[in-house]
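Dropping the structures in below, format is C-alpha cells.
After this come two complexes, each holding chain A, first together with chain B and then together with chain C.
On to the complex of A and B.
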C-alpha cells in the first residue's frame, strides 16, 4: 500500500483507536494497530476483543493495501512527526514513513493475523443527537462499579422502550438513571449492558460537532457510529437487576438547595474525614428546620458548616459516603438541586429541580 | 530541630520486655513434670511445621525456633513435642500486658511474648526507668511464674538489644553516657535492619562490629544501601527516634497452613481454603472488622511463593465471600507443582459498624446475622459444636493430631509493609512476596 496524509490525520487515527489496543497480556502482534488504505481514506482499527474501534481519516491513496504495526511504537512515532504531509508505504510487513527528506522504517506484523471486527448480522438501529447521549453518559457513568465481583455492575444498562432511551448504572450503593426521548417509529425494544469502559470511550471520542450517533445492536454486540468513528463492543452477559423496584416513589423529607453550596461544604468536610478507615470518608447531614448542618470531629480536626435550605417534611439526620454525593454534584446540570430523603437507613434521591429525566439514588451509611 | 530531637531522644526512657522461651515456659509452668526437660512447641516431630519455641533445655541440644520439626527431632529425640496452644499463650500474654499497663499506657506489643514500654512520663510516680523495668520483671516472676529478659535504654533499638544481651532472665540497663561503649563491640548483625545480605556486604568492606561501621560516613552508607544506609548510620550511633506506638491498628488478618506432605490435589486444597477462610472470617468478626482486599498465598514445593489479591467493592467478614474470592484466585494459580503451604488473608480493614447500605443485596444482612449466631454457638459450645459438613471430611487440619496436615502456626500479622525482624521472637515470620 501507499498513501499520503497529514500528520494531524495520522494522529487522529492513532488517538482514536488507542483505547481498544490490547493490553500487555497478549501476543505482541495483537498489541497493534491495523491500517488499511482505500481510495481517499486511511482506516485505523484496533481491538482487544471486548471493544473494537475503527476510524477513518482522509488520505490520498496511490495503492490500496494493509499494514499491522506495533501500537505503542507507531503511536509514539506519529506524535513526534513534523507537522507536514506524510507518505506511508508498506514494504512487505513493514512500514516506511517519509516526510521532507527523511524517513522512518518500522517493522510490522502479518496483517492477516489481525482479528477483524465481527459484522453485526441483522442489526437493529436507531439514531439520536450526540449531545444528549453524551450528557446521559456523563450523568450515569459515575455510578458504575469500578471493582465489583459481579460483572453486570461494571456496565451501563442501555434500554430502549417505546420512544424512551435510558441509561442506568449502579454499583449497588448508588444508582444513576438518565432518559431521553427518541424517535422510534418502528417500536423497537432493546436492552443490553454496555461495559463502562466502552461508554467512557464514546464520551471521550464524541465531538461537539458530531450531530448524531447511530446505535446498532444484536443480542451480543452493540455498535456506535459517529463522525468518522465506528466503535463496536461486546455486551456484558447477565441480568441487570430490576432497578425500577428500588426507586422510591415518595419521600418523607424534601429539601432544595444550591448545588455549589452543598458541594463545597462536603468537599471541605471530606478533607477532615480523610483519615477515616478504608478510604471511605463519611459525611453526616443534619437537616433541621431551614438548615442543613454538617458537623464533623475527627482526630485531625473539626468542621461545622451550615447551609440555608428550603424544606418540606420531617427533620432528619443521615450519613453518606461523601464521594457518592460529590460525584453527582459535579455532573448535575443545574444550579439548584432537590434532595429527597425517607429516613436514615433508606435510599435518598438527588435530582435537578425541573428535569424529570434524571435521578441519582444513593444509599446512606449506617452508623452507630 | 535536630537538636530538639536529639534532646528528646536522650530523655526518653524505653523498656523492652522479652519473655524467655515463652510458649515452652508456659507449658513447663503448667505441667511440673516438664520442668528441666527439653520442651519443643510447634507440633508433632513427624510433621513438617516448624519449631515455634524451644525451652532452654532443648536449645542446648541445638534446637531453635523456626527450625523444621523433623530437624528438631533429629537433634533432640528425647524432646517433648507439644502443639501450639495459642489460646493459652494469648491469655498469659494478656496478663503480662496488665502488669505493663500499671506503669504506662504506652505499651507496644511486638508479639505475644515481647513489648516496648515508654516509661518516660512514669518516672515521676514510679521512680527511675531502671527500677520500673526491674519491678516488672519481678512481678512477672512472682505473679505469673515466668521469667523475662528486660532491657532499659533511651530508645527502642537500644532497649531491645539490651534485653537480648543476657538472655534468659537478663536485666540490662544502657545509661545515656554508656551507649557507644555498649554498642561498639556488638557485631553488625545485631543492628536492626541488617539481614544476611547486608551483613555479607558489610563484611566485604571489613566491617564486622558497630565500631567498624561507625568509621563509614553517612553519604557513603547511603550510596551503598540507600535509605537503609542512613538508618545504619544513625543506629550505629545509638540513635533511633521511632516512637512507642501503643495502639497498632490491625492491618490484616490471615491464616496459613503448611502441609505434612506437599499437596497437588485441587479439591483437597479447596477444602483447606474453606477452612482457612472460615478462620479468617471468624477472626474478622471477633475484631468487629470487615476487609476489602483478599489475598491468597501459595508456596510451591521449590519454595517459590505467590500471592494473588482481589479487592471487593465493599468490605466483608463473611466466610462464604472470603472463600468464594479465594477460590476464584486459586483457580488462576497453576498447580504444576504441589504446594507446601497455602494461606488466606484479608487487608484494607474497616470497622464493621460503618455499614454502607446496598441495593440488590437483600440477603446480606441475614447472612451476617447467621454468621454472628454461629459464632456465638461456637463460642459457647466449642468449635466442633456447629460446623460445615464439608469440613467434617478429612481435609487435614481437623485431624491435626495425625499428620499430614499439621497447621503452620496461624498468625495475625501486623503486615504494615515493614515487618520488623524479631530475631529473638518465637515465631519465624514467613517471608513476604
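On to the complex of A and C.
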C-alpha cells in the first residue's frame, strides 16, 4: 500500500474513528485503526465490537492495500505531524510515514486480524435532515443514564411510527422526548434502543454542512451514514419502558419565563447548595403571583433571587435537583421556556413555548 | 315365493321396530341433554350476595395491595416492574410514581 494525503486528512480520519477504538479490550486488533488505501481515498475503520466507525478521506493512492496500526500511537503521531503532504506506505505489517526529508517507521499488526464491520442484511432505511437529528440528540441525550445497572437506560429509544420519528431517553428520574416529522412513504415502523455513546458520537461527528443522515436498521443493528462517515452500532437488547404513561396530560400551574434568567439564577443558587446526604444539590422554586422566587440557605450562606414570570393557575413551591434543571436549560433551543407543574410532589414538564415536539419531564425532590 | 315374501315382511317389521327404538332413544338423549344443562346451571349459579362478597373482597385486597406498594415505595424501594424491590437511589422514580398513580 502506498498513498499520499494531507496531514489534515489523516487527522480527520483518526479523530473520526478514535471513539470506536476499544479502551478496555486487550486484543491489539481492537485497540487499532484499520487503514485501506483505494483509488482516490484512504479509509479509516475502528471498532470495539459494540460500535464501529468508518470514515473516508481524499488521498492519492499509488498502490492499494491495508494496514492495521496501534490507535493511540498512530493518532499521537498524526497530531504531531507537520502541516504538509504525508506519504503513507506499508512495509509488511508496518507503516512508513514520509514528509519533507523525514520518515517515521511504525510497527503494526496483521490487517487480516481486524474484524471488519458487517454489512447489514436486508436493512430498511430512511433519511432525515441532519440538523433535525442533531437537535433531537442534543435535547434528549441529557436524560440518558450514565451509571445504571439496566443497559436500556444507557440508551435512547429511536422510534419511527408513521411520519413521526422520536427519540426518548430516561434515567427514571427524568425523561426527555423529542420528535420530528419525516418522509415515510412506505409506512416503515422501527423501534430500537441505541447506545447513548453512539448518539453522542453522531452528535460530535455531524457537521453543519452534512445535509442529511441516512439510517439503516435491522432487528439487531442500526447504521448511520452522513458525509464521509458510516457508523454501525449494535442495538441494546430489552424492552424500553412505556414512557407514555409517565407523561402527565394536564397541569395545575403554567409559567413562562426567560431561559437565560432561570439558568443564571439556578447556577448561582447551586453554588451555595449544600450537598444533601444523597449527594443532590437542591434548588427551591416558590411561584407566587407573577414572581418566581429562588431561595437557598446553607451553612455557608444564603441566596434569594426573584424573576418576573407569566403565570396561569395556582401558586406553588417546589424543589428540584439543580443539575436536572440546568441540564435542560443548556440545551433548550429557545429564549423562552414554559414550566408546567401539577403539585410539589408531581412530575413537572419543561417545554419551549413555540415547540410542541419537545418536552423534558422531571420529578421534584421531596423535602420536609 | 310365499316364503320369500314372508321373509321380506319379517325384515320390514324388524326395521320398523328398530326405527321406533331409534326415535325413542333420540328423545331420551334430548331429555338427558336438557337435564344436564339445567343441572350445570344450578351447580354454577352463585347467589348475588355471594358475587358481591367476592367483589368486595377483591377490592379490599386490591386496596391492601396498593397500600402495601405505597408503603414499600415510601420506605425507599421501587415498585415499578423495572426495578421492583430494589432500593430507590437518587430520589423518586418516574415509573413507580406513574404506576402508583394508575393503580
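The working rule: the second predicted complex is superposed on the first by the 360 of 368 C-alpha atoms of A that agree within 3 Å, B and C clash if a C-alpha of one lies under 4 Å from a C-alpha of the other, contacts with A are read in each partner's own complex, and residues count from 1 in each chain.
By definition in this document, contacts are C-beta pairs under 8 Å (C-beta built on N, C-alpha and C of every residue); 3 or more make two chains touch, one makes a residue touch a chain.
Predicted, not measured: the structure shown is a model, and the values here were computed from it.
In the three-chain model built by superposing on chain A, chain B clashes with chain C.
Comparing chain C and chain B on the residues of chain A they touch gives the larger count to B. In the superposed model, A:175 makes contact with both chain B and chain C. By the touch criterion defined above, A:347 lies against chain B and chain C together after alignment on the C-alpha atoms of chain A. Once chain A of one complex is fitted onto chain A of the other, the partner contacts of A:367 are limited to chain B, with no touch recorded for chain C. By the touch criterion defined above, A:321 lies against chain B and chain C together after alignment on the C-alpha atoms of chain A.
When both complexes are overlaid on chain A, the residue A:48 reaches neither chain B nor chain C. When both complexes are overlaid on chain A, the residue A:261 reaches neither chain B nor chain C. Applying the stated contact rule after C-alpha superposition, one finds that A:282 touches chain B and leaves chain C untouched. Clashing C-alpha atoms with chain C appear in a single stretch of chain B, chosen from 116-124, 260-268 or 350-358: 350-358. Taken together, the two complexes place residues 170, 172-173, 175, 241, 246, 278-280, 321, 347, 361, 363-366 of chain A in contact with chain B and also with chain C. Only residues 150, 170, 172-175, 241, 245-246, 278-280, 321, 346-347, 361, 363-366 of chain A touch chain C when the two sit together in their complex.
Contacts from chain B toward chain A in the complex involve residues 292, 310-315, 324-325, 328, 348-351, 353-361. By the touch rule above, chain A contacts chain B in their complex via residues 145-149, 153, 170-173, 175, 241, 246, 276-280, 282, 321, 345, 347, 361, 363-368.
Those residues of chain C that touch chain A in the complex are listed here as 80, 82-83, 90-95, 97-98, 102.
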